[in-house]
Structures are given as structure tokens and as C-alpha cells.
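Lettered A, B, C and D in written order, each chain numbered from 1.
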Amino acid sequence: MMTTIVGRLSQAFLLLLVMSVIGFAGIHSVGNPVFNIVNIETATAEDIRNATIALGLDQPLWWQYFLFMGNVVTGNFGTSYIYHLPAFSLVMSKLPATFELASTAMLIAAPCGTLLGLLAGRRQGGLLDRIVLNASVFALSIPSFWLSMMLILLGALAMGWFPSSGRGETVSLLGREWSFLTFDGLSHLALPALALAIPKIALIARLARAGTIEVESQDFIRFCRAKGLSARRVLFRHTLPNISIPIVTIVGMQFGGMLAFAVVVETIFAWPGVGKLLIDSIQLLDRPVVMATLAFVAVAFVGLNALVDLTYAALDPRVRLSA
Amino acid sequence: MKAETLRTLWRYPWQHRFSLSLVLLAAYILLALAAPFIAPQNPYDPLQIQAWEASSPPGTVSGVGYAYLLGTDGLGRDIVSTILYGLRLSLLVAVTSTAIAAFIGLTLGVSAAYFGKWADALIMRIVDLQLSLPTILVALIAIVTLGPGVDRIILAIVIVQWATYARLARGVALSEIGKPYLDAARLLRLPTHRILFRHLLPNSIAPAITLIPIELGHAVALEATLSFLGLGVPIDKPSLGSTVANGFQYLLTGQYWISLFPGLALFGLIASINFVGEDLRRRLDPRRRSHGA
Amino acid sequence: EDLRIGTQFKLMTLDPHYADLGENNSLLSHIYERLVTQDAQMNPVPRLATSWKRLSETQWEFKLREGVKFHDGSPFTAQDVIYSIERIRDFLKPPSGGYQSYTQAIKSVSAPDPLTVVIETTSDIPTLPLLMTPIFIMPHKADGFATTEDLNAGARPVGTGPYKFKSWQSGETLNLEWNDAYWGGTPAWTNVTFRVIESPAARVAALATGDVDVADSIPARDVEGLEQRGVKVESAAAARSNFLQFDIGGEKPPGLTDKAGGEIKNPFQDKRVRQALTLATDRAFIADRILLGYGTAASQLFPTGLAGTSANLKVTPPDYEKAKALLAEAGYPDGFKVVLAGPAGRYPGDGESLQAIAQNWARIGVSAQPEVAPFSVFATKRSNGDYPVWYGGCSGEAVTFCLGALLGSSDNEAGTGSLNYGKYRNPAFDEMLAKAMAMDEGPDRNAAIAEATEFVMADYPMIPLYHFHLIVGHGEKVGSYAVHPRGWTTAMQAVPSGK
Amino acid sequence: MAHDNTRDPLLMVSNLTLKHRTPAGATTILHDVSISLQRGEVLGLIGESGAGKSTLGNAILGLLAADFERTAGTILFDGKTLDGMDEHQWAEIRGRRISAIFQDHTASLDPLMAVGPQVEEAILANNDKTLRKEARAMALDLLVRVGIPDVRERYDNYPHQFSGGQRQRIVIAIALAGAPDIIIADEPTSALDATVQKQILALLRELVDETGVSIILVTHDMGVVSDITDRVVVMRHGKVVESGVTASVLDAPQRTYTRSLLAAVPRLRLSDSPAEHVAETDTPPILAARGVAKTFSSGFAWFRRKAHKSALRNVSVVLERGAITGIVGESGSGKSTIGRIIAGLETANSGNLDIDGRRFDISRPGRRSGLLGEVQMIFQDPAISLNPRMPIGETLRESVRFGSRQSGDPRQDVVNMMDRLQLAHSLLGRYPHQLSGGQKQRICIARALLAGPRIIVADEPTSALDVSVQAEIVALLKENVAERAISMLFISHDLALVQALCSSIYIFKDGEVEDAGPSEFIFSRSQNPYTRSLIDARPKRFTH
């Protein structure tokens, strides 16, 4: 077990290293950040040159990388070119918002999706199945910016139930600001969480449905029926565990994705999250922030996926884990 | 593919309920192929566009004869023609990238599960890496270093999408590995590729197959997003996805047609692919007939 | 009463001297004030300075306002002005950028008495008051200059402005409360909350639902819908322009071929070609159709009517026949192929304009391939000389800045040519501009600038496209809102409806 | 046992006709089948593999796949029809009124739930007043009664950690959990050795006598039929061929099919008449496994304490060239485990293996040690050892193409083999789940034989086959051994069969070789008490 953990950690370390090279070289290849730092419409050539030198961007790339890594070792990702705040704490400051949004969305999506999928798959071709199938196609085909707009149109503009954007009132907990603790914050959370959750519900429902159809045709499910188990127990105690590996996989990946890449929703609902920060930083070539965010995202994914792998082993005794 | 499968596939639409979605999809493909012949206008040719007829509502008759059945966009492109031409690009990009991504992802995923140990570790860490790389960054790097082009977009989408398939297939394959039918296959000393592709893969991809039509939709959307950022297809040759993405801004204005019709067309396309995919899944599942209650 | 403003500007730093971006200036101007500001015609008007006069070629005297107090209660004196200018000039290191260009020419700042500041410049700068318009005055500190980190790290920024800082979240919110001791009278709003809403659609929605009282940068297409919902909308042409620039210096710019794809000599070096393309560009279409009327077709760099603009320059409707003839005359009867580059979604109507222009040019045989890229990619490639024609934008505190930056020959001393990526050279114009700029503020100077503009535009060095309009919407709480051509969004511009 | 046939039967199936629909057309699976079952009666259902016995059972429980269609007939239970019930009502019937033991026992267990809880939930589902705690005690008790060893420790083990016979008994325990009125037992003892089988049959009999439960017992084991059933129904090709009181059917069968069936029953000879014998030669054995030990660790290594289970202790097995060596023994004694180790599918903790003079390191996975593929295996659970997504035909062709790597016509080989195994060619296009238990088993045999190996480990290859097919298979195996010089380890619990096939025999008990020797020695002269008890446990009727 120890070796497994050590193995995983060293792999994660390597991964971060590769990631840093890709991020570094990638940003470098895309363009010169200076054009975003100075006001290109009013800056003089000298301003640009000065800024380039000040940021060390005139140095050879490998040397820049070397310096950067040297700082990272001491826990310093550098200062954002744009915000002039420490890059890492900038990322961390976006974390609560992102985390509560992603968690809320997943807490809605995973149970709803699984339940719908199970019920639909159990009676393939039945009314519920057809509804789930059609609705999921709808939910998956509609681009997320449309969906978000529709939600704003409906939930905010037409009905006035929810505010259209922002985080609302926040409460400080563990030194961070959280919205989910206030009613106002929750109502602000509702629409963006729904916008994120709806496609996920559809996705999970589809997966669960396909799995259910497959599992329900197997002998042990028939035997469960022959045993006299109630339909509900068969569904939840036998079918559910047997379809859960792909669902857990997807939930893990999607959760990671929402932590890092929920750009559209974060933008449209003005939800100050990591995804928006990352995209902005990439577009502005704010390298310290990009690197800090990438590091966070990679750690999140490695962690989530390790968790998912553990869940496999807990779910299915036949699965053997390698490092 | 095996004869049996082919036969069932072929027989299906006629034997069972007439598959509307298949017909719809076929129609889409036909329309896309025939676009240059049936579209009233070539929206990629600036000379054919009547700029002063920009933002005409549906039904307006053009100065050069034909009617703009679905209106024109803010630059005077006939929406019908834009849809038809955009369809070609979207289909090309989405189908190719999804197919390649699914193939690579599934293969690597089941391989990781099958070989285990360091192969698993390596592949899965690449997956982790891939999952944590933002699409935009990948696309930016690909397009800046390789230059713009449809193939580059496809590449970018493949890079973004394969990992999902890989992880999904690996998870299922892991629990499939210990089953006796694979032992039997191993005993026969089947070539590895056969074990992977004929035994492990078919039994691990059911969830992934569900994913394919979904990811196809994502590919269209992704391509649109990239185009929106100037990383996709050229702006004057919009794909269906980018037409919708651009027109999205008009959704709330009076000029609903600029976004609505391409949106509906795109929606129909993705929906029909989804339904066909669902039918396919059912066709390919040997146990598809559920046991009665 | 409280005011909530949804803005596209994200406040990135609390250091008022860190980056000269509209983003920062707009929001920080609640807290800090400048010696001089600009009115709606871009003319300098007094703020913390009540008056100024030129003592000599290189010396300016500013009289400071009496009785002004900083938010912490300390009085505003000449020391603060000196501190602020020196902080920019001597202390802040790049990349904190942009402001140095305003203080570069300042040799020394001295205070003969607490309410008088004398600024000595290295050379003859007739527009020094204008150079003071971006500079926010901070209270001086005895123990050296405040660092950006300190300012960002939550030490309350203290200024003389009408609103006091309450709290902020970088890139998210800024909360202000009124400064009831404000020298200019009690501010209209008790509490002001800025919410950064970058997505235009979301800003529109927030305004429509009443989540905010004011929202800036409303897309033109949404105006109608908003008005139907009872939202009031105000607009003004921005003191800026967007234009096409040619690569004139390069012999064989990339992305430029004949129709068959073969190499050709740079056609843009021929004035007739530039004129032909200008004639073939339907600017009215862009302004009316793409910007839906919330844009003014441009014939020069600032909207006609602002200081230094020419009333004689007119936007002519396209004349394709004449354009064709000119092209043929220049030796391109069949036209050529060219990449028409631009940033994606940085300015209102940028991508669409490129497509419309490509359509226009096609009619005279020039086949233009619009190519948009994210701004950072675009900017890098542009400065590398990778584009033959491109779309750009320029703004500044005065039209002279844009004239010099875009059309002046590259000259570090004079500070001109910083945006002249196409290497356009027109010594006669350089001279005219230099002369005009050496003149004192006033109608003569403005006339000279206009003349220089007329002169240079006759050479078709670029194609001015449009001045887009700044559109601000506001709800019932706000009686009126004065849109400023510089594009600032502030609570001071919003007048409560009761008054 | 005397029965009052005038009473209303508990279950009555009359004129049942079932069709299986495919896009290509419908096939009749059951044709005009009528049976009736009295309270407290044990009805034997015997007949050819693929006759429709399992289908009939499923039909009674309403568990047929959706593409089956009943075109005629009624099923009355306790005087009421079972037609048109919804799932809720079925849940009331199933388990507590009628329960079932499925033929594919392994496939019947949820692979992701520990076995104890699977029994427990059956108890809870069918006894309204039982508390969780009691249920656990009852489940433990049931598992003990069906003879699962170390029940307490293994309560939370998963199905894949049990031997074939143990899984079968778990399924039986589940079927008994609801104290039903009728048990439809589909080959409930096919994977059990004689002593355990005896124990299980005694248990069933006891239940019948004590609680008056009725049993439909599907089996191909005539010994079982004669021992326990009151009446028998003989089926073939989806029809009832003959039915009547057991003794009279067995003693005086009316139909030719029944007669041939009975004639094919292999009989155990306890006299000294020597079986045909492979001449003892001095050639070295083709396979010799020595000192093999195997310990399974169970439990989830990360979270829980590991539990070790010793499955083999110092086992040595030798297989002569061209011979069939039998392995017989207690269920759970490690027979399958040694087979899997020899095939390279499982690692051993210690011991070594020589095949044809080459030594293999069996402590390493077969893929690495090169052992994998040297030996073919016929798996004990045919239901799960066929690729569910590959049509039968392709499975078999694959075996020809890749196993023997002969350049022949795989198609022809496959077709010939199907004929030998009495399998219809139409099965080639089907998927495993569309076959009967016996058909699947024969496919597994075919797959192994078609691969043309030198050595086969056959793990209970005939457990699901009726005696006439079995006889054919025995002939086929013998033929292969003789003609193609195949050597075979034949794991079985059917002593008569082992006697008929094997030249030498190992008797396993509790992870060790209890007794070993030439066939006639074991059956006639061995004094080992366990060997004797095995032989004595055989139903008497078919022992000579």
C-alpha cells in the first residue's frame, strides 16, 4: 500500500513537471504577454521594451523556466502580470466559488442522473425511458451558452425567481468567503448550478440507462427477481453497484472539469471561478497565473482520478489496482 | 464487421419501426454533400453576397432573384446556404475527430487495463495530464505552432477528447479482466490485438458507445467555441457551430432567425446522431432484449 | 441611496499607478482624483488643481484646490502631488506600465507653497495639463513609496475622491461608500457597488432584471430589447477609432500574393492602391448595419467635433468603379489576394467588419481572406510583421497621440510611431504634427492638428473605419447618465432620478 | 411416496407452447407441454440438453426474455393463474411461494455483493417479520446447512472467491431462504461431488418431508432421479415424451428415447473387471506438477485486513502422455485451482511444473512464465467463460485459427465438431446467452478441442449434459486422446464417468491429495475412508 501511494505520488510529480513544461513552452509559443500588460493602444515602443525586460521575457526560454521552477520549489508561482497579485493566492481566492458551484452541480447531477437512468433503463422503451432519452438528447445538444441564457431568461427575467448573476451574500468560513451558507447566496447559486448540472444529468442518465439495460438482462438480476426481491431493492442494491464504474468515472472527470473548465457558465453568470480565471489568463498570456492554475488543475485531476480508482476497488472486489 | 452485425444493421430500419432519426441523419449527410448544388448562394464567395440585404427577415426576396427562405445574417449571407455549407464543415470536423478520439481513447483505455502495471500508470497519467490541460490552451498551441486549418482543429479536438474514452473504457475493462472468457482467450494465445479488440473492447465499450454521440455534439460545440475565439475555421467560412455561436448574440434581439434556424439545424443534427447512436447501441447489444418482469 | 453598477471593467489592482488601462482608471477614479480631467470634448478642466499657467517654455505652475481632505482626514497638499508624480517616475518599475510616458518629460516637481506646484519639464511640452489627466494623486507617505503589493494587500486605498473604499475582490466586486466630506459636495449615492460582469449578455440580463442599476458597454443589438423593458439607454461616440492599417514598409509582406498565388511586390506602397481600397470600403454599412447605428463612420482618428479634428474630412460612399480604375492604373487590374487580419472579439464589430470589408473588396477584384486570432496571438504576429493588412484601434487623451503613434515615423525621442507597425513614413506630416504639437493649447493648435490630419489622410496611409459608441443603460433609480467619450464608467456620471 | 393425485395440483402447466421470436422468424421452444405438481411432491424433469427444461422453469416464474412469446397454454399456481401479474405481485410469489435454483449458478450471484448478504436479503425479502439480526443468523445457518465451510469467516466473501460447487450451494441456500411452496431446482447438484450431493439431496428430502415443499428437479443425473423424485417427466425437443411415477419410468420406460437415455447412463463398476487400460510406458510424463501450494488472500487489501485461505497444500499431480487422468474430490478441495495453475491462469505460492521436460515457474503469471497457452482448459462455468458479445461461430473459428494454427478450413472443422457434439448449426450465429446450459458446455468443449492442444484440463466438462450426450462426449474425448495424442486432466465428480475415462485418479480433499492411484485400484481396492465414502455416496441404482 505504501508503495502504491509513493508510486502514485512520484507519478503525480512527474506529471506536474511535464505539465509545467507544456504550459511554459505553450504560453511562450502563443505570443508575447507584454502586449496585454501595457495598454497597446497608448503604450510607446519603449514601454513595451521596458516591460519585456522587467518581466524577464527577453531571457532565453530555458533560463526563464529554470528561474520559474526555482521559485516554484519555494512555493512561489510568481506574481500575476495582470493583477499583480501572487498567482497562487489568486487561484486560491477563486477556489471557494468554484468549489461550491461544482459541488452543488454534481450533488444535483449525480443522484438525479443516476436515478433517471436507472428508472429509464429498467423499462427500456417505456414512457419514462422515452422521456429521459429525448430530454437527454435535448439537454446534451443545446450549447451551454444557450442553456445558460435560457435559464436566465426563464428563471431571472421572466419569472424573477433567481438573480441573474453574481455570488450574492457570502459568509466567511475557514478564512474563505462562501455563498452556500446564506439564503441569498444559495439563490445566486441556483441558476449557474443548474446550468452546469443539466447536461451532466443527461450524460449520467444516459450512461446509467445504458448500463442498466445491460445489467438488467443478466442472470443474476433475474435470479434476484426469482429470490423475490422487490423491484426497488434489485434496482438499488444490485443493478446500481453493477453500473457504477462508468458512472463513478464520469462523475470524477466531470467534477474535475467543472472545477477547472466551467468557463461558459462562469462567464455568463459572472461567477468568479477558476475556469474563467484560467481562460482569461491563457488569453492574456498571464503565465504565472496559468502555471499556478494548471498546477492546481493537475493536482485536482490526479487526486480525483486516484479517488475514482480507489472507488473501483471498493466497488468491485475483482478489480486489482496497480500503482 | 461481422456478417451478422451487418445484417442486423441493414435489416433494422425496415424490419422495425421506421427509424426517423436514421432518415434524418441520412438527409443531413446528403444535404451536406449536395450543398454546392442546392444552396441558392455560396456563402463563402463574397461576390455572391448582397451586403445591403443583411439582416433580412425570412421570406425576403433577394435582389438577384431567389428568396431568403430563412432570412440573411448580419452580413447578408443567406441563412439556408450558410446552414448547408456549415453542415459540411461541422460534420467533417465532428465526425472525424470523434471517430479518431474514440478509437485512440478506447484502445489506450482497454490496453491500460489489460497490460496493467507501468503501461496502465503511463497511459493513465497521460490521461490525467490531458484532462487537466484546458482545451483553449491545447488549441492555441496547436494552431499557433502548426498554423490554422481544419485538420489542426480536428487534431485539437482529438487531443481534448480521447482521454474521456480512455478512462471510461479502462474502468469497465478493469472489472472485465478477471472474467473467465478472457482467460479462455488468453489460453488460446490470441494475438494481443485480437484479445483487445474482439474480446475486451466489445465488452467494455457499452458506456463509451453511449458517450460517442454525446461527444460528437461536444465536438461541434468545441469547434464553434474555437472558431469564436479565432482558433477554428476562418470566420468568413462559418461552420454550423460557429454560425450558431455567432448568432447567439442575436437570440434576444428581434433578429431571431440569425441564430434560431442554424441552432435548430444543429440541434436536429446532434439529436439525430444521438438517436441513431442509441439505436446502434441497442442493435449491437446481443442481450438487447430485456428480460420481462 | 445605493447604486449598483454592472461593469465590464474588471478592477485588477488597487495601485492607481500600476497599469494605464481603462479598467483600472474607471473604477479607481471614485477613490482618487487627478489634478486635471477632461470634459466631454476632451478639453482639460480643473479638478484638484484649480488653475494652471505656463511660467516658461519648460515650467508650469498648478494652483491646488483648498480645503481638500483625504479619506483619512489628512489635508491634500503639494507634497502629495510631488509624491505621486515621483512615485510614477522614479519608483514604480515596469511592467507596471503606461504611466511613465506621462512623467517621462518631467524634470522636477517643486512646491513653492503648500497649494502650488511647479513642474519643470525637460523640453517644451505645451500639453502638460493634458498629461496630468491620467495621474491619480495619492497621499504622500513619509517612509518612502508605497509598493503595489502593499496597496493590493488590503491596506485601504486612500484618496480625495467622492467615494471611499470599503472592500474589493480582485476581478469581482468593488464596494464604495460616500465621502461625506467631499470638497465637491456630498456625493449622490450612499453606497456604490461595482460588480464585474464581463459577459455582455449577462450584463444585459442583470440590468434587465434590476440586479444592477447601471450597466456599461451594452451591445447595440440589445438596446431595443432593453428599451422595451423600460431601461433607459444613453450613448456617445468614443474618443477613439478603429481602422485598417497597411504594411507599407515591407517589400514582400507575408500573406500577400497575386490571384494565382504567386509572389508580388507590396502593392500598398502605391498610394493609388490604398486609395482604391479606401474607396471600396463601405464604412457606412459597418456603422449602420454591423454596429446598428451605434457607431459613426470614420474619416479620421477621433470623432469629428472633438478637439483637433477636421471638419473637412468626410466619409464618402464607396465608389467601386473609380476604385477599380485606380487599381488598374496602379498595375493591378486583376486585383490580388491578401490576408485581412484582426483580433477576435476585442472591439465591437471587429470580426464582422473584416468580413464586410472582404465582401467590399471582392467587388474590385481584391480577394481578402479575413483571419482573426485571439488578441495576444494577433498582437504578437502583428508586431512580428506577419500581416499585410490588419484591423486595429487607438485611443488616448488627445487625438495627437493617435496621429503620432499611428502615422508618425517611428521615433523614440518624439515618442511617435509606437503603433506604426506598417512603417508608414511621411516626413512632411511628421513636421506638421511636431509643429502643431509645440503650440499652446487653444484653437490655433487644434486647427494646425486638423490641417496635419487633412494632409496625411490625403495620402491614404490607413483606412479609418468607425468610432463605435459607448452605450450605457440604467434603470429607474438613475435619472440620467452622462456617457463620457473616454469610456469611463463611474457613479459620478449617474444622477439620481429624484434630482 | 404415495400421493393423492386426485387433489388439486399445486402447480399445473397445461398445453404450454412457447416461441422464440427473432427478426428471422420464430422457433418453437416448448410445444404443448403439460405438467402438474402436487404438494409435497418431487417431480423429476429429465431429458435431452436443449429440450426446454430450463425454459419451462423460467416460464413458470415469469422470467422469460421479452422475445419469448407464449402462443398457447396456461399456468395455474394454487388454482390461480400467474398471467398478467405486475412486478409487485410477482415479488409476492417469487421467493416466498415459488423459488428457483438456476442452472448457471455462478451467473446467478451478484458479483459485487458478498454472498452472506445475498442470502440475507432473500430471507428479509420473504419473511416480513424477520429482523436484520435474525436474518444474519438464519443466513449463517442456511449456509452451514448447505455445507459451506468456515461460514463465519467467509460470510463476507464475494462469489468469485468460492469454488463452483460452493457457489452452487450458495444459490441453493438462497432458494431455500423464503421457505417456498415450490422450488424449481435446475440441475442443483451438477457441480457437487457425491458426498456433498448426497447431503444436499438429503436436505431437500428433509424439507419435503417436514414442510411439504414441492420440488421440480431438473437433472440429468439418473441416480439423483431415482433417489429422490416421486414422478418424472421426460422431455425432448420441447415436448414431453413420457411421464409417470419414477420407478415405473425407470424400470419400464415406454418410449424409445427414454430407453436410450437410460441405457446411456454410465454405471460405476465396483467389481474387479479392469477398465481398458493405457499400457504403462517408461516415457516420462507429459506433465508433472509437484509440491504445489496456493493461498488466496481475500479482502480488500487497502481497507480491510487480509484473510488468507489455503486452497492447495503440497499437491502433486502427474499426467502421463496420451492418458486421461481424473481428479475427483470434495467440492472446494482445490481441483479447479490446480487446473488453473497448470493452465497458467493462476499463480502458485510454491511448487513447480514440468511440461514435456520444460520447467515453468508457476509462481509467476502465465503470461510471463510462458506457460499460458501450453494447456487448454474447459472451464467449470460455461455460462461465464464464453464471450457474451461474440457469436458462437466466431468463438469456435477463432479457436481453430489461433489455437492450433492449422492451415485448414476453420469453418469445416467447426461444422464437423458441431455435428460430433450434436449441436445444430443454427447455434453458430447465436450469442452465448441464447443457448441452454448444456449447449454452452458443449461449446466450451468444442473450443478447447478445436484449439488442438497437447494437454487439456477439463473442469467438470459434462456436468450439464444429459447422459446420452455425455456418452457421445466421452467417446469424442477418448477418440481425441487416442488419435491426436492429447493428454487430459479430467476434473469431475461423476465417478462413473471418471471410471470410464481415466486410467489413473487423484482424490482431492481439503486442498490435499487424499488418495491416488490407477483407476481400478481406486474404485475396487482403495481403503481410504474418504474414497470409500465418495463411492458409497453414489445413488445406488446405477452402481453395479
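Here, contacts are C-beta pairs under 8 Å (C-beta built on N, C-alpha and C of every residue); 3 or more make two chains touch, one makes a residue touch a chain.
By chain, with names taken from UniProt: A, B = ABC transporter permease; D = ABC transporter ATP-binding protein.
These numbers were taken from a predicted model, which means no experiment stands behind them.
Chain pair with the larger contact count among A-C and A-D is A-C, by C-beta pairs in contact.
Between the Cα centres of chain C and chain D there is a gap of 86 Å. Taking the mean of the C-alpha atoms as each chain's centre, chain A and chain C sit 37 Å apart. Mean C-alpha positions place chain A and chain D at a centre distance of 50 Å.
Computed from the mean C-alpha positions, the centre of chain A lies at a distance of 22 Å from the centre of chain B.
Counting partner chains per residue, chain C shows two or more touched chains at residues 201, 374, 377.
Residue positions 30-31, 145, 149, 153, 217-218, 222, 225, 231, 283, 316, 318 of chain A are each in touch with at least two other chains. The residues of chain D that reach two or more other chains are 63, 65, 87, 90, 160, 433, listed in rising order.
Checking each pair of chains for touch leaves A-B, A-C, A-D, B-C, B-D. Residue ranges on chain C touching chain B, taken from their complex, read 200-201, 204, 219, 221-222, 224-225, 282, 285, 289-290, 343-345, 351-352, 354-356, 358-363, 367-374, 377-378.
In the complex of the two chains, the chain A residues touching chain D come out as 1, 217-220, 222-231, 233, 237-238, 241-242, 310, 313-318, 321.
In the complex of the two chains, the chain B residues touching chain C come out as 45-47, 49, 51-52, 54-55, 74-76, 140, 144, 148, 228-231, 234-236, 249-250, 252-255. Considering their complex, residues 116-117, 120-121, 124-125, 127-129, 131-137, 140-141, 144-145, 164, 167-168, 171-172, 174-175, 177-178, 206-207, 209-211, 214, 217, 221, 224, 229, 244-245, 248, 251-252, 263, 266-267, 270-271, 274-275, 278, 281-282, 285, 287-291, 293 of chain B touch chain A. Within the complex formed with chain C, the residues of chain A that make contact are 30-48, 50-51, 53-55, 81-85, 90, 93, 145, 149, 152-153, 156-157, 160, 163-167, 177, 267-270, 272, 276-277, 283-285.
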